[in-house]
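Shared between the two complexes below is subunit A, which has subunit B as its partner in the first and subunit C in the second.
Here is the complex of A and B:
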């Protein structure tokens, strides 16, 4: 069985790496130049955080951080499925960015008092950088929610879709009970998930955006992850609107077709010339 | 013992000549990136704090620090360690470093230290490094490198960058 500390760090690292890669896809394509800069910079931050987590894992296991990031098979990644979804439109991008960064903030708040002596200070550092991501996401949510009807509708629809999948961020990682007992993480995923749902509901409410899906999420406090590990059927690489349980299984290595193209792109340099240096 | 103290000073002097690769006007010492220097006989160990977690210059800084210290007469062996304990913050930039940033055309970080995560929001303005005006606004909390934010000066009509407070 994987060391619970390693399993926890890989979940964190893979979330940051994979979503960081998605953000980087806006470089050169964002709707305006300032957002091109913003998403490129946020991507760089997230990938930097991933690198720091992979380095911690490498210290424990003797592995190589680059191999961990880029040299694993698809089923070995432990990111939440939310993070691997294609960017879609600007509404989906903002909805996911906002949900992810709020979820991550709650997780980091807990991890700052991890019993692991190096992880706590690293998380303190990361939180100082992450506040800019929250600022960015909150600013955009406010702007679009107060803007014209079409943008507001697209944002609200995307939040509905991304919210269901964002709960997959709180799927327990392998060995979580042991990690809790050891104090590697002081708060369980299910407690973090409850905090998240409450916070999202409050914030959406304050912006006048729909919150019906959050009350549903609070009722169903026990979430069930599909155990099949099946991939979702795909037509020409397009995905249909995900149903509620599509967002789960990421922590156990279930990957969707959206991950395939991302993985091919992200790891192509490493696979072509392993050990290449800049 | 006095020899070692002198050697330690020599190491600090050498480090004061190592530029930040992204902002060559300031040294790694001005930036507060050197947490500690220890010299035992001819062996020096240096602890470096990266400014931003994802700073792509970390490897370059490590190797520049190693080269500079290795060139100090009397030092045979150099160990460079990078750590996030304690976390680097913009409060570590020295006053001299702040002046050099301004001369370089980069507004120094405002405030005396890191802003807490729950007090979200950037300072309303940064002081324009070109004309000294406070009549400026933040155009983007992100910039061309992880450590920079973009501002605009309404008095001299220059865009400028600020070293982001963290």
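Here is the complex of A and C:
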């Protein structure tokens, strides 16, 4: 069985790498020139964080950070499905950026007091950068949600799609129980997930975006995207099994066709001369 | 003062090495010429981001993935700075961007070509950026002062890019057979476009921008500086040039190419915006531009809904 610490770090690293890769696909093509520059910065930060997590893994397993990032088979990646989804339009990118960075902030807040002696200080450093990502995402969400109708509608639709899959970020990773017992991660994924749902619901409500989430947030209920893009709480208080959901399975190595294409692209040059210096 | 008197004074000012600020009086031809020149430079930075960003997703290490993203980010940042300088001469960014995506304005020839692999990143970062730096450094003393201020910053960032490109080139040159083959393949494809980049021989009599010292050196002069600086380095790494093959002229000490060895046809096509990648890249940019009007509107509109 995989070392639970390695399993946890790979989930973190793969999320950051894959999302950073998606963000960097906007580099040179973002719909607004200032935003092109801003998004490239965020992409570099995310890839940098991935590199730091991979280095911790490499220390434990004797592996090489670049091989971990670019030399693994598709099924060995452990990112949440949300991160691998194709960029789509800017509205989806923005919705995912906002949801991901809020989820990541909660996760990092917990990890700062990890019992692992190197992870805590690393997370402190990462949180300093992530603060700006969050600020960037919040500013945009506010701007678009208070702006003209088209942008507002696109954003609401995209949040409807991305929200459901964002819960996959809190799918327990392999060996999570052991990681909790060891104190590597002080808060369980399911507890983080409840905090996330509560926080996102409050924020969306404050922005006046169409959602019925707040009334059910306390119970941590499931929400589904309606065809109008509104987030509607299912009345079913019981959560359905995550595996039945499209956004889940990422932590167990389930990959979508979006990832297959990303992987082919991302690893192609590395695979021409594995182990070479570049 | 009549227009003619103003013009005479302007010419004398330029002749004496004087600089021009945005708010100064300038002849219409000067304004139009400078605007077009800077607009093309800005277009080239933003279109120049595309060939390299095509390889960002395939970057072969984490370090290179970050550094190439940072580099392309710089190029976009340069475009942003240059569009602002151009805007002050009387054409809105929106209009310039619209002209660009609709194929009504120009950008440098080298950005009309495809990239195939990491060898292209090496050639672009080292030789194309090297060529660009030679031409941009020559503009640091341009008569249009706002342009030179922005160029100062651009050139200092380009110096870093050049080191980055040289570093990637040296890694490939000292790497595996397949890495060396990548570099040679890219060099073979890019050499003629790089020579084209400097343009044909300058017609000194007719070149208004040269006369008004917006440009300070001729095309052939700049090309010569580039050849002397880079040809020996590439040969030293054991790579070979396709036509026009440079040769060493013992008498002058220069690395030369023969004008009759240069096929100008591909450049003529690019001038009509008919390069190998022109249509595809402009279409991509146009699609994003057209489908994301709402982003620009969201940024432009004052907030209409209370939170």
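Some points to look at:
Everything below uses one rule, namely that the second predicted complex is superposed on the first by the 244 of 278 C-alpha atoms of A that agree within 3 Å, B and C clash if a C-alpha of one lies under 4 Å from a C-alpha of the other, contacts with A are read in each partner's own complex, and residues count from 1 in each chain.
Following the convention adopted for this analysis, contacts are C-beta pairs under 8 Å (C-beta built on N, C-alpha and C of every residue); 3 or more make two chains touch, one makes a residue touch a chain.
Note that this is a predicted model, so its numbers are computed, not measured.
Legend: residue contacts after superposition of the two complexes on their common chain; A:21 is shown touching subunit C, with no touch to subunit B. Residue contacts after overlaying the shared chain place A:129 against subunit B, while subunit C stays out of touching range. In the superposed model, A:37 lies in contact with both subunit B and subunit C.
Touch criterion met: A:206 reaches subunit C, while subunit B stays clear of it. With the contact threshold set out at the top, residues 34, 37, 40-41, 44, 47-48, 51 of subunit A are in contact with subunit B in one structure and with subunit C in the other. Of all the residues in subunit B, the ones that touch subunit A in their complex are 52-56, 83-89, 114-117, 120-122, 139-146, 150, 164, 166. By the touch criterion given at the top, residues 46, 49-50, 52-53, 55-66, 69-70, 72-73, 75-77, 79-80, 83, 117-118, 168, 171-172, 175-176, 178-179, 284-285, 288-289, 291-292, 294-299, 301, 303-307 of subunit C touch subunit A in their complex.
Residue ranges of subunit A in contact with subunit C, taken from their complex: 17, 21, 24-25, 27-37, 40-41, 43-44, 47-48, 50-51, 54, 65-66, 69-70, 89-91, 142-148, 150-152, 154, 206-208, 262, 265-266, 268-270, 272-273, 276-278.
Of all residues in subunit A, those touching subunit B in their complex are 34, 37-38, 40-42, 44-49, 51-52, 105, 109, 117-118, 121-122, 124-132, 134-136, 138.
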